[in-house]
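Next come two complexes built around chain A: one with chain B, the other with chain C.
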Partner chain A sequence: MNSTIRELLSKHGGLPVSVETLADDADLYEAGLSSFASVQLMLALEDEFDVEFPENLLNRKSFQSIAAITAAISSIAPDSQVA
Partner chain B sequence: MNKISEIKAMSLVERARRVAAVASKHADDVDAKGRFPQESIDAMKAERLLGIQIPAAFGGESASTAEIAEICSILGQACAAAAMTFSMHQIKASSVVSHGVDASWHQDFMKRIAAEQLLLGSATTEGGIGGNLRNSICAIEVDGDTCRLEKDATVISYGEQADAILVTSRAHADAAGSDQVMTVFLKGQYTLEKTHVWDTLGMRGTCSDGFLFKAEAPAEQILPKPFAEIAAQSMLANSHILWSAVWYGIAADAVNRAQAFVRGAARKQPGTVPPGALRLAEVSSLLQLVKSNVQAALEKFEAAQADEEKLSSMAFAVAMNNVKIASSQTILTIINHCMLICGILGYKNGTPFSLGRHLRDAHSAQLMISNDRILGNTSNMLLVHKQDTSLLG
Partner chain C sequence: MDMQTSLLDRLFDAGLLIETGVDGLYGRSGVFEDVISRFEGLISAYGGAEGAEMIRFPPGMNRAHFETSGYMKSFPQLAGTVHSFCGCELDHMNLLKCIDEGGDWTKTQEATDIALTPAACYPLYPTIAKRGPLPPEGGLYDLQSYCFRHEPSTDPDRQQMFRMREYVRIGTQEAVTEFRQTWMDRGVKMMESVGLDVEIDVANDPFFGRAGKMLANNQRDQNLKFELLIPVNSAAKPTACMSFNYHQDAFGAKWGLAFAGGETCHTACVGWGLERIALALFVRHGLDPKAWPANVRKTLWG
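So, the complex of A and B:
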């Protein structure tokens, strides 16, 4: 899941830095994730993992880092492989 | 009792009404000359209104957003420029109150706001960026204990009169545009070189000139939280609610004038319903919409305030954006209707029914963070946010 998230982040995150340089717990907002890009990323994640983020996950915290995104997706799609 | 405790013993509404009496006396002159509503701001200071939001522990009165909104509305009915100045000051104060309580410099600053009735200004708008609050070009430079900032601030309301200005910038030279901080700069720590003159259609008294802002100050004056959190958790709601309260005030006074006009006509011809009465009924319903909208937003904000997650949620941001869009648009319809009711006496200046100033002031509402920009932001969130269809939720 981690590599898929990284791939989507690099495609939709609009970050000025390369995703490879970011640790799993690096702050994505500090890295330049804008609110527009974060929505684009959410859409891509919903499509890729075939999930819908419930309202309580649609906040800054859930998308603050790659680790937070992983946790958010795992919490709604327990079947998807965490690798 | 000393003078300050005597004043504080009166209700906030009473004190606001006394300021409004001063503001309404000077409103036309402030508008005609495009000058700062100095008498009204002096009256706010005399009534100790500039420090009411500061927690009591720091010398303020711990006033709630609802209480401040009521004052914005009272002042808005008298002089929109004075009311907007008050609301912008309180919006800045809310950032310090919500995000500066743990920092000793900001605690002392809060004490000074209350004790000295300091007036706070804001510089978020930037040349090349416009009203995109969550983006900066300029970057703050931290050099040991000192920070320096230069900003092409194209709109700073009452920049020359403010005692301190809160300025957004990128967090450091290499930071992304959305990685921002907000810093408090005190008068004396900055210079303002005027670049744009505020000669506008309405809101002429806010004196929102453009300046090249250059400052140097101790680095501890940077607010200790990312501006993203300040924007989401205090500024978004406070701005949209308190601005809307001012706008409601403008519209409410216009409706008062239209109603006085219709009543006068009814008295002249007893037994008949004047032609403007039907429009007045329409306008009364629209005004109620704006009022309910602001009240509902206040309730939502109060409920969310205890819960950081709720405050940062999309549902909350969408709701606050919607409040701003609805009130800024609806007041224009209301005041225009009032003008139709009062006819030429509303169109003319200097009559008891004059509405030109109201209409011109109200036109700023859609531009004050462009509605198109806000709609764009909401439409983006609606791609993932699911609406709550319950009536009471």
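So, the complex of A and C:
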């Protein structure tokens, strides 16, 4: 899951830095993730993992880091393979 | 008074608003306009000494600027664009025939270069960016425009065409956040001086769809938008009559608003919904301004 998230982040995050340089707990907003890019990432994650983020997870915290995204997706799709 | 009569009907009956047959699109009486004009005078009395540059744009804006603004990303449901007939004589004949037969004649209308202004400050940012780098102290602007939002409603405090007065501050982060705080304090004082009960609350814009839920939550999490609420149609659900918005450097980056050294400017705006404030005054003090409390009349009419 981690590598898929990194791939989608690289494609949709619009980050000025390479995703490979970011630790799992690095702050994505500090790395340059905009509100709009986080929405595009959210939609791409939903598509990829076939999940729907519930309203209580549609916030900045859920997309704060790769680890936070992993946790959010795991919580809504417990069967997903967490790599 | 019949409590079943809606506020809108009372305003129509009193002649303050004039029906057009379209929800949210109304004429205004002289009495209504006088209240708005006096309240605008009060705004200027609070903010006029700071030397804001006054600019009045028409209620339509350059469609290219509208597209760059990203409005369609966030609020496609509220947007309005101006379309016109651009055909030849034969097209005109077909147009008339279509109208005559009750068909949908609007399908052949073509987009013009004009979009309806969604908020008074939208045309400002590209205008200021075009002037070049901002001085170190930044800029302060005084705007007012009719605005359009496609949200038909029979609540008189949700009109499709309404006026928004704004002060916009472009500058450093410190300058624009201080500007916003100053106006939050002034806003409360101002409304209290005309006898209105207010509260200020964190708010979000009506972003479209599920993605919009996330944008709205982000906006709230970061305290980017506050609203000053006053009871108009309902005491339980007061109406936003002012808003205080901090855009961080989003508009600065989008439009290329920068200081001479290249550092991107931050922006903030404070807006008054003029019709909503007039309605709040009519609801609070009665439909005849001549009978309003003496202190309120003195504040507005001197």
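The rule is short, and it goes like this: the second predicted complex is superposed on the first by the 83 of 83 C-alpha atoms of A that agree within 3 Å, B and C clash if a C-alpha of one lies under 4 Å from a C-alpha of the other, contacts with A are read in each partner's own complex, and residues count from 1 in each chain.
Quick note on the criterion: a contact is a pair of C-beta atoms (placed from the backbone, for glycine too) under 8 Å apart; a residue touches a chain by one contact, two chains touch by 3 or more.
Keep in mind that what you see is a predicted model, and the values were worked out from it rather than measured.
Engineer: Touching A:5, do we find chain B (first), chain C (second), both, or neither?
Structural biologist: So A:5 meets neither chain B nor chain C here.
Engineer: Between chain B and chain C, pick out the one touching the greater number of residues of chain A.
Structural biologist: B
Engineer: Just to be sure I read the superposition right, which of the two partners does A:16 touch: chain B = first, chain C = second, or both, or neither?
Structural biologist: It touches chain B, and chain C stays clear.
Engineer: Once chain A of both complexes is superposed, is A:44 in touch with chain B (first), chain C (second), both, or neither?
Structural biologist: Touch partners of A:44: none, neither chain B nor chain C.
Engineer: In the overlaid three-chain picture, which partner chain does A:66 touch, first (chain B) or second (chain C), both, or neither?
Structural biologist: neither
Engineer: Quick check on the superposed pair: does A:33 touch chain B, chain C, both, or neither? Answer first, second, both or neither.
Structural biologist: Once the two structures are laid over each other on A, A:33 reaches chain B alone.
Engineer: Which residues form the common part of the chain A surface touched by chain B and by chain C?
Structural biologist: The answer is residues 34-36, 39, 42-43, 53, 55, 58-61 of chain A.
Engineer: Can you name the residues of chain B that touch chain A in the complex?
Structural biologist: 134-135, 171, 175-179, 226, 228-229, 232, 309, 312-315, 377, 380-381, 383-386, 388
Engineer: Report the residues of chain A in contact with chain B in the complex, numbered from low to high.
Structural biologist: Chain A residues touching chain B: 15-16, 29-36, 39, 42-43, 46, 52-56, 58-61.
Engineer: Would you tell me which residues of chain A are touching chain C in their complex?
Structural biologist: 34-36, 38-39, 42-43, 53, 55, 58-61
Engineer: Touching residues of chain C toward chain A in the complex: what are they?
Structural biologist: 70, 73, 210-211, 213-215, 217-219, 221-222, 250
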